Every structure is written in C-alpha cells, then in structure tokens.
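Next come two complexes built around chain A: one with chain B, the other with chain C.
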Partner chain A sequence: MSGSVKEAPGQAESLFLELHKKFIKDTPPSGGLRPLAEAALKRFETLGFPHRKHEMYTFVGTQDLVAQPFTLSGGDPTPDGDFLRSQILPGCEKSVVVLVDGRYRADLSDTSALAGDLAIVHLAEALADSDLQKYFKQVVDEENDVFAALNAAFLTEGVQLALKQKAAPEAPLQILCVSSGSAAGPVLNQPRVLIQVGPLAEVKLITSFCGERPNYFVNATMDILVEEGGQVACSQVQRDALDAWNFCKTRISLASDSRCFSVGAYYGSRLVRHHCDARLKAPGAEFALNAVSVLGGQEQAHQFVRIHHEAPHTTSHQLFKNIVDGKGRTSVDGTVIVCAGAQLTHSDQLINNLMLSDEARVDNKPNLMIFADDVKCTHGATVGQVDPDQMFYLKTRGLSEKTAKELLTKSFAESVIDTVRFPALAAELKRSLLKKLEA
Partner chain B sequence: MLEIKDLHAGFDGAEILQGISLSVKAGEVHAIMGPNGSGKSTLAKVLAGHPSYEATAGGVMYGGRNLLDMDAEQRALEGIFLGFQYPVEIPGVNNAEFLRMAYNAKRVHNGEDELDPLDFDEILNEKMSWLGMEVKYKNRSLNDGFSGGEKKKNEILQMAILQPKLAVLDETDSGLDIDALRVVAGGVNKLRSPDNALILITHYQRLLEYIQPDFVHVLSRGKIVKSGEKGLALELEAMGYDWLTTTNA
Partner chain C sequence: MADNENTVSDVIEDKKYKYGFTTKVDAETFAKGLNEDVIRAISQKKNEPEFMLDFRLKAYRKWLTMKEPAWANVHYSPIDYQNISYFSAPKPKKKLESLDEVDPEVLKTFEKLGIPLDEQKRLANVAVDAVFDSVSVATTHKKKLMEVGVIFCPISEAVQEYPELVEQYLGTVVPVGDNYFAALNSAVFTDGSFVYIPPGTVCPMELSTYFRINTEETGQFERTLIICAEDSYVSYLEGCTAPQFDTNQLHAAVVELVALDNAEIKYSTVQNWYSGDPETGKGGIFNFVTKRGKCQGNKSKISWTQVETGSAITWKYPSCILQGDDSVGEFYSVALTNGIMQADTGTKMIHLGNNTRSSIISKGISADRSSNSYRGQVKVAKNSSNARNYSQCDSMLVGDQCSAHTFPYIEAANSSVQLEHEASTSKISEEQLFYFEQRGISRENAITAVINGFCKEVFKQLPMEFAVEAQKLLTLKLENSVG
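Then we have the complex of A and B:
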C-alpha cells in the first residue's frame, strides 16, 4: 500500500522511550549532558523511526531492528583478556582506547605511547568548553538521522580524545569499541566519541568495532573535528558478531588546509549502516573516503554519505569496492553537495561492485548537487562479475578456476586495502577480509 | 605433438575456421600467416581452450590425447602456452606473485614441490635479464599500465618461466619496435629445443627474419590455402595476400 508507509506508528518508538525512562532513572546523564540528551530525545520523537520509503533509509529496512526488545548493557562487563588482546592491532598496544558497550574503560586502555600528545576527557567535562557546547547543541538540533538522535538521547558516557596542536605521534591511536553482547537478549550500546585534532597535528586513527558475544546493536556516533592544517589518516574496521546490527554516524568537520583520509573495511554482519557526514568548511580542506566491504550469506552493508563542500578550493575523493556473494546486499547512497560560492571544488566518486552470485544485490545512488559554476565533479558506479577475459588469461597460465577467481576477487579489494596507511592493518585485512569467500 | 584434422570452429554460431588440418612435430616452428579476419587468432584461442569458442567438427589431438576435451587450465598444465595478441591487464595482481603461482601450479601438476619465493626469484631474475626487463616489472600489477612492448615481453617472460611444450604466439610482433622485436625474438629462440614446438601467428614476414620457421602456412577465410617452407613468407611479403586469395579463388 503506497498510501500508508509508516508501519505500526509509535509502537517501536515507545519501546525506546520506555528504555530511555529506565536510562534516566538508572544512569542519569551528568552536568551539561543532560540538556543535550533531552534535546536529542525530542529530536528522536520528532524524527521517528524511518518508514520504508524514507529518503535516508531507502536501501535499509529497520523494521526488524526497531521491533527488538533491547535492553541496555548494565554493569561494567570486562571482556576476556585473550579476546581483548586479539583485537588490539600490532603497534597499538600502547596507544589503544577501549570502550566496552560504549563506556570508556581507563582500566583496559593504554595510551602511554601518546603521552603528552593526547588528552582523554569525559564528555561531560569537555562540555565546559563553550565552543564545544555550541557545537554539540547545533548537531543535536540539526540532527536528521534518527539513529544518531537516539545515540545522543542516551548520552552519558561519551569520551573526548583531544590531540594537541602540532602533535605528531608515531603510533596510531586505536579506538576499540567492544560490544559484549548477551545470551539473554539483544543489548543496545551507543558509543560516542569526539576526536579533536589540534592545529597542524598529524595523527593516525583506527576505529574498530568488534563483538565478544552475539546479540547486540551498536549504534555509534563519532565526531572528528580537524582544526587548521591538521591531518588525520583514519580507518574504520567493522568486524562484529554475525547477527549484530552496527550503525555508525561519523561527522567530520575540516578547517582550512586540513585533511582527513579515511578507509573503511566492512566484514559484514546482519546489518551495517555507516552514515558519513563530512563538512569541508574552509579553503584547502581535503577529504577522502575509501571503503571495501565483503558480504556473503544474508549480510547487508550500507554507506550513506553526504559530503558538503562549504568553501572554495576544497577537494573530496570517494572510492568504494564492494564484493557480494550469496544473498548479500550492498548499497551506497552518496551525495556530494557543492554549496554556493564553493568555487574550484574538486570532487570525485567511484563505486565499484563485484557480484559473485546471482542472488546478491547491489544498489547505488551516486548524486551531485552543485550550486557553484566553476567546479570539477565526477561520479560513477559499476556493477560487474568476475571478468571472463581475465579468468581465461589466468587459466591459460595453469591456474584453476577457483584460484583464478580468488585472485581476481582479492585484486578487486586490494586497490582499497592498499590505501590503508597502517601496514599492520592492511596486512590483517588482506589476510582475513577475503577469507569468508574461500569456503 | 599436435594433430589438427579438418577443424571447424567458431564463435557465437559463426563458423570462422572451415576445415583446418595441420601437423606439428616436436622441434618444429610453424608460422601461420594471413590477412586480417582469416581466422588466425580464432585458431590460437581454440587451441588454448577459450570457453566462448566452439569446435563444431573435426578434431585436435595433442600428445595422443583429445585436446578439445580439456579445459584451458588442463591444456596449460599439459604444456600448451598461448602468447596473447592483447595481453589482459589485471590491476591488483602482482606480476611476480602471479608468475610464481603459475610456475608452482605447473610444478604441483608434475608432482614436484612448490618453489618458495626466494628460489623462484632467482629463476625470475635470470629470465627477466634475457629479455632486458627492468626489475620494477616484478612488483607492478600484471600488465597493468604496461606499454605494448612491455606487455609482449611479459608474455615471453611467462613462456620462459612455464617452459611450454607447444607455444602458440598470437601476433607477438605487433606493436613492437625493431629493438623490442629483436629482444623478444631472441628470447623465443633461446627457448627453442628439439622437444618443444612453436606456432607463430603473424601478419608480417618481419618476425620470421628473427625466428626462422620450418614451415609457413597461409590462412585465408578459415582455411589453409598454401603451405610451404620459409621462402613462402618472402613471396607473400613481395606479392601481398591478394595474390594468394585471387589465385586460389
């Protein structure tokens, strides 16, 4: 029925409103977080969960997700030591910030390699800064993604990671978001991390999502604010339990001559949605977003990208490589917005999909909205199967059908993996990301 | 070694080869010449086992076995090598790694152990120096962004590594300048032995100055219209293909 698109009005929302009451009672947000959480709750109520034709959720069905009887993770579960160690990347042993079920855990974190460069502050304290307060109020008031509003409505345990002016630590900072999951029933956890990169600082970040047990929904929000001349190379690695939901909104704000180069790697799970909202606010800002996903079974991953060129002389690049097998489903909905006056913007976007089965599904929605007249913007999307000419070539050299197919699939993903700026992570992705296709 | 009998084959229902018979013995070099569209490349693809090409009549025996029953991979493992007219670019596949995989696939097929990267590297370095190939081509993606000449050298490099019993080189000379042609031909000549055979498919006689064929066959409209010794190539060069097609019409 096209007339009634909103399913079971209010029912799903009321589940979460109940959950919120419990949250306010059990773990009331402190200080400056309280008004933000309240404003965000209002935003959540106004937005409501998306109906099937919601513009932001065209390719993502959330009806099943929001009908789940979620509980909030209680207590301070401590992950198994071996599990935790296995999730820390080589080279990050002394530069890792651990969040368990959205809570920052100083007892599990070690940032000694970044001493003097990094300050870790509870968000409630960080909000004493009036500029930050203003920023948070604005993003809450203007929030258009209901899941990000939901995250803010439950804001109590956020953490600020501030990298000082001109900091250039050798070691990459790993932000490890562990979901502990539960055998009892689905658990909701909502990490909130604010990363501030000071002027002329040069840092490497890796955000990794992992689950110790199944049965959870991680709904994260990351804010990355890069000040003048700051440079960030960041990677986001999603490697959750197979039945997990992983939603993450990343807001990136780039000041003049700052750069953010990010690479996402998605191992897939029940439903992954990454919402990237980048704002190039001043001349010289540059943003790159590359992502690779490998999906099989019934897994689904969705990229929702909005890049706003708000100033002249700004540059953005996007490259997506998605591999789908089985009944997997991948989609990219990416819009580049060149605001009025943002002359000499340069933007490119390319989405490549490799389908390995007849039942896999791919949706692409590349889009450009240009309100300036002297810009260079390109976009493109391809969907294909393994190239038969390449297969034939490899087979004439004695490689088996299976080996040739694996080699070509790997090579498809590697052009993105090779852009990861941390050798240990790139090596790990090469080793494990494509493993699931080798069955 | 290779016995082609009245082979009819084509692509997408169109019969391009219309009854080819050819016998190649170990140690021989056969040149197949002919105008554009005569079926030269089709013959190469049929011999290598391209899945889109189908033999509709006749047969091909290779080393006493029915070649047409084997797929491309089996043919390669049994010693058939196709040097592509247009080598396929494969971005993201490391050239040296690919060469080692192909080399090891063959070793495993022959019941030998795989060679580790270090030992293989020695072999690779030696063969690359034959062809005057720079070391950088090891770590480049397979044929990706290679110039025409580099691609052809890379084909001969693969041939040198895989040491085929029967190599079919499809217009290996096209796109090569004279210096590259000399190097490539030198590489091919080094690989000649009484145990292996070579089929050279070419449009021009030029290549045959460097790789001396034992026999020359002229292909026209899917048939061999004339066979002879190497002098035939010179005759063709002087008179043009029209001479043959008209005298045989």
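Then we have the complex of A and C:
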C-alpha cells in the first residue's frame, strides 16, 4: 500500500512536466479547472512514476511507457466517417457521445434518443456547482494513482453527462473514446468523463475505447456518481490498436439503495490497465464487476480493483475470466475493503484464468481487508488449462481437437459475456472477442 | 465439556498475565551497539572457525546497505539497533526449591493448559527430582539419537564439531542478504539448534528444544539449521504452549531446512511469547522470523505447521522452495491475535521443479482490537511443469474492533499449472451457536467447539500432546473476547 514518494523528479517525470508546460501555454485550463489542474500536477510530482516494486504496479511494467517521447494531439482531427460508424453499436446511433483524443465533439455526437433525460455540460461549467467542486478537489487531493493524477493535471476538456432524476431511457448511452493516433510519434490523450445518475434513474452505459491509427496512449478517467436509488448497467469495451497503451481509472460512488452493474471486455494491446475504485457509501448500495479478457501475442491487460464498503448492508460481486495465449500477460489485483462499522457486508470475488501457453503469464492478488466483524467475504482464484477430461469427452463425440478446444475456451469467456445487459454488445463481443480464440 | 465448564468462568480474571520476568540474568554482556568489532568479538568468544567470521561479516556489510521492510501490515515505533546488546552469555538461572515458590498465576496458567507437573517444574525452572531430571532425560535421548547417527545439538557446538556440514549448508536456504532481519541474524546470531539426519534414517523420536541441553536461553537471534539427508525423516517441535517471557523485545530468528532426495521434514511451532499489555501493547515481543525450507532433492517434502498465539507483532512467512522434481510443500497455520496484537504471517511456495505440489491451509482468528493478516505467495517458474497448489485461508472475526486481511500473490509462468486459491472471512455463525445452545451446551463451550472445529485441519497436523495443548491455549486466549 506504500506510495512512492520521490525526492526529485526523475527523467521520466521531467518529460511529462515539460509536456505540461507546453500544454499550459497552448491550452490554458479555464475557470474552476485551473486550481484543480495545478493541485493535480503537484500530486503527480509527489507520487512520481511507479518503480518496479510499487505495490500498485506490481505486475504492470510502466518503464517502457513513461520513457516514450509523447506529444499532445493538436487541432481537432475528425475520424473517418466509415470508421466512426463501424464503432457505433447498433441501437446507439441516436444515443452516442463521441470524444476524439479526449475532446468532446458535439458535431459527431447524437443524443436525440435521450432528449429530456440527458444534459451534456462542459466540465468547466459543471464545476460551478459547489458540491462537484468539493468532490473533484477531494479526488485530486486523495489521488494515489499517478496516472489518474496525470489525467487531472491535463484537465481542460472534460465533459459532464447528467442523467436526470427518474430518467429511464430505453436506448443505452454509448460513450465512444476515439484515439486518432499518429504516424509521426506516440500521442497522449486524456479523456475525462463525469457521469451523474440522478435519484431513481435507470440507465445503460457503454464506454468504448478504439483507435483509428496506431501509436497512442489513452489515459482516461471516468467518474460515475449514482444518487439514491439510481441504477446503472455499464459496460466497458477496450479495443485499441495493438501497439497502444490504455490506462483508465473508473471511480464509482454509490449512494443508498443504488446499484451499479459493470462488465468489462478487454481485447488487450501493448499495455492495458483498468483501475476501478468503487465506494459503496450508504446502506443498500450494490456493486458488481465482471470482466473478461482474451489475450494473445504480446498483449497485456491488467485489472486493479479497490472496492470500499463504507456503510453497513452493502454488497459487491466480482467475476474475472482471463484467457491468455502466446506471450500474453494478465493480472488482477483486487482488494475488498470493509471499513469499520460496515456490518452485514457481503462480498465475493472469483478470478479464473485459463493459460494456453508456456510463454504466457498470469498474476493474481485477491486481497481482503476487513475492519468489521459481522460480514461475509470470500474470494477465490484459479489458474489452469483446458480440462483434458472435457477435451476427451468432446473428442469421443466426434469433435476435432480444434473444435473441442474452441468450444471449451469460448464457453469459459461466455459466462462473463452473457452477463452484458445489452444484447447488441453481447453479440458483438461473441463475434469479435471470441474470434481471437479461433485458431 | 464438563471440565471446560469451570475453566471458562474462573479463568476470566487471570487472562491478563500479571507476572513479569523479574529475575535479572547474571550474564557477561557486551556494551550496546553493533559494529564489525562486536561481530569479531562474538565470533572470537564462540571460538569460531574463519568461515563463520566471514559469513557474519558478509551479512553485516550487506545489512548496512539494507532498509527495514515497510510493506508488512504492521505498525511499530522505529527500533534502535544500536541500543541492543548483541552478546550476552547467560549463566544458569536460580533454581527454585519447589513449585510453591512459583508465582501462583503462572501455575494456574500451566494447569489450564494441562501441562504435566514435571514439565511445569522444568518451565518454571524448579529443580526436578532424580527420576525426571531434564538433563538425564536429555542425555538418555541423546544417546538413543547417537545410536542411529542423528546429530542434534546447539548450533554453536555443531560449528566446532561438524564445521564441514555447517559450512556446506548454512546460508544456502536463507542467504545472508535475504532480508533485513535475516541479515542481522546472520551477523550476530549466538545460538540455536542444529539437526542432521543421516541417509536412510527415520529419526526415532520427535525432536524438540525440550531435550536440547545447554540452550535454555538461545537469546533473541536464534539460528536453526536442519538437514535431512536422502531417504530420511524428522519431526521437529519448536516452542511450547506455556507463556514465554523475555526481556528482549526484538526477536529475529532464522530457520533453514534442507531436504535431500526422498527426505521429509515436519516442522511444528507453537508460539506464545508475551504479547504485551492488552490495552497499550507495552512490553510485547516483536517476532520477526525468517523460516524457509528447501526441497532440494527429488520427492522430498517439507511441512510447516504453526500455531501463533503470542507476540505483540508477528512477521513470519515459513516458506518452501520446491526445487526437486515431485517435491511437496505444506503449510498449516493458526494465527490468533487479541488485545492489540498485530500479525502479518503466511507462506511462500516457490515451484521450481516439475510435478511439484503445495498446499496451504491458513486460519486466522482476530479478536479485540488486533489486526491479523495472511500474506502468501504461490509462484510457479517458467520451467516448472505440472505444478499444483491448493490454498485456503479463512479468517474469523471476534468483535467489531478487530481487523482481518488477506493478501495472496499468485504468479504463474507455466501453462501446465493448476492453482486454486480460496479465502473467506466471517464471524462465528449464529446458527451454529444456536444449534449448540439448543442442545444445552453453554455459549462459551459452543464458541470453543466452533473455534476448535475451525482450526481442526491445522491441529490434526500437530503431534498429539501439542494439539491438545494448542486447543486449550486458543480457548484460554479467547475467553474474554467472545460471548
């Protein structure tokens, strides 16, 4: 749990500090964002990039990433129309918010299906609200993940999506984060989205990450604030260019009797890391996080999860299924924290890994930290291969080795995909993510 | 059940150990502080061969470059390593004439634990009669061991008598620079046990520090080395259930086990050091131990069993390096914390050979305001095929001020592995207690039964007398916390 406190900025930090100077000169953050960005920069300097033994990055090597000579994407590149259309899920054509290189693009977005339910506000304006200001200040001051601090330091283009009280739109809202990439050199973009779900609202959210061209680092931060009785079913789909870095921190705050059901699907790329920090703040809050990753080649996908049960009578569930082939690497570092007084907490976590090659690597760290006694918390983790008995069974029924293996590996991943509460997305995942399992 | 009925009610008042260790040990003691001269003096005092001095100095130089680990989930004020005296040769303690002279509180505790009368006398340092003279018992045992070729002696004696064995194996499992406390121990250790089991030998009895003469006071830096040659077996017991007091607050011991082809070592520990004042934690022992076994040979096996109920802070990870093919590592642990004790304990299973197997069963019980963490690592190297691990860590919470944590690290780099890990945390099931009470069993006894059931898998690994005492010990420790 130790933070890495550095005395002087190292070489890697200096590169980013230089970048920040240029950023401040070119696009100075407006209004309420400025003090936040300044505080976040200080936080970034204090934290410093993780060293090899940093507890938060035990399994994630960032040395290669932080040494890259990143540039900030300039101008307003518009992605190719066909490419953009191909990324919008069927059913979300009229409920899509598009961010290109971290900037909200009203011209490419269409939220007509959510008219009356959804308000889209620039983050600088949204910060006029003193509660939000307080929230952001606290988040920046307490930030322990250096990459999220980096995101906040470059805060200029965030967007707030507010779903009104009792809103229950039929169509799911897709948040499409497109990275345009560049042939010239690696480009850094840092989307920031704040989603507010009003009391008793009921929404479906899909966050998709995609890249039009290779060579980029997307360092996103999402805040999902669910008010009393609100319900969110969200999915996160990471499908970046093969050589991209994708870091995303999702903060979820759940008020009383609210629910968040979240499913992540990871195609993997050079380095993917999802940091989920969920806080169950009042009785009756419930959180579920399921994730599936299918990795091959040199792909990596890592999960870092902290679930804080801050109030009594809260529930959380987690299920991770990872399939790793080739030289792929995956890790799940998940901690459930039951704070003092959070009695009657119920929490479970299961991590299943399927290792298909000797070059692959799987690391798990399922932690429990419990400060209350009347709780029920469990976790389990397994690492294994395709069961030879099951293979034999299928072969005795005439299936070829290849088909049998495909069937077994696909069904392993499907148990998570089937929990996606949006049929068009589930179908898409079965088509494209599971295709990676076909030899 | 009947005799437990009394135990529960009348022990409550003596849960706090009101007695202290007051007898000043008359010893030749070095001035406080640590430098190369002190280490040279220790080595000279013990008349050690050259290689030992080199070993110590290498460890000391390494220690100087190291930092005290801060990753464990324990908190304590900094230790001043220059404020410790690193050599103290104890002279025999004053013998008491009879048990009547012993603090009645101590006797009560002994009784509750069911420690036999003669053993009580030995523990309380009462001169025992001719028949049960501990020295003669030890001598008889030693003779029996020598007949089969087993060497069991203080490590300082082994350095003199069997220097080639010590030189060959010392520091091979826990290298001098392994960790901060191990480096310190390697530099300054004064005594401990040495065991060598020759090839093809099953040690005829369970070895225990009880039978080891001349080493009543091993001091705070204990060093144990156990070597089990081909096709041999030994079971070693460390510690005892009786509360142990020590004037030294820091204990940094190192235990190294080496198992060659087809050898098996079973190492059991019951630890009940003074845990300090239950309110303030003052005076409790810091138990920072490095225990590691190497299954060097094929088909070798190392099994650790520990019952940890004492010490203010426990920092201990008995580990197995499964180097030989088909080797087996086991870890069974019960860790109980109460008062404001802190424990960060667990194991490491490092799979290097093929077809290696390991299992981990850890039971943590935390009560009052204590903190109990399981920290374990299961690592499978790239070239270790068909490795198998099963881990189970359960925690039980007693009271709403305590905390229980689980930090497993599971790292697999080979596709033929099969690793399973499961953990759970909960409080004592109200349904189970209700069931007992409904059948006329008092709540206290029901809790005792549930807790003993919770720890059963570990207790059954202990030698029988140890298991019985350990069960009673848990009951005794938890008396004020539950119900």
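By our rule, the second predicted complex is superposed on the first by the 429 of 439 C-alpha atoms of A that agree within 3 Å, B and C clash if a C-alpha of one lies under 4 Å from a C-alpha of the other, contacts with A are read in each partner's own complex, and residues count from 1 in each chain.
FYI, a residue touches a chain if its C-beta (ideal position, glycine included) is under 8 Å from a C-beta of that chain, and two chains touch if they have at least 3 such contacts.
All figures in this text were calculated on a predicted structure; none of them were measured in a lab.
With both structures placed on the common chain, the touch criterion links A:362 to chain C but leaves chain B unconnected. Applying the stated contact rule after C-alpha superposition, one finds that A:396 touches chain B and leaves chain C untouched.
Note on chain A: of its two partners chain C and chain B, the one contacting more of its residues is C.
With both structures placed on the common chain, the touch criterion links A:383 to chain C but leaves chain B unconnected.
By the touch criterion defined above, A:55 lies against chain C but remains apart from chain B after alignment on the C-alpha atoms of chain A. When the two complexes are overlaid on their common chain A, residue A:411 makes contact with chain B while staying clear of chain C. Touch criterion not met for A:144: it reaches neither chain B nor chain C.
By the document's definition of touching, neither partner reaches A:14: not chain B, not chain C. By the touch criterion given at the top, residues 1-2, 55, 58, 340-341, 343, 353, 355-358, 360-385 of chain A touch chain C in their complex. Only residues 48-52, 71-73, 75-77, 81-82, 84, 87-88, 90-93, 98, 101-102, 105-106, 109, 141, 158, 162 of chain B touch chain A when the two sit together in their complex. On chain A, the positions that touch chain B within their shared complex are 388-390, 392-401, 403, 407-408, 410-415. Chain C contributes residues 70-71, 73, 382, 395, 397-427 to its touches with chain A in the complex.
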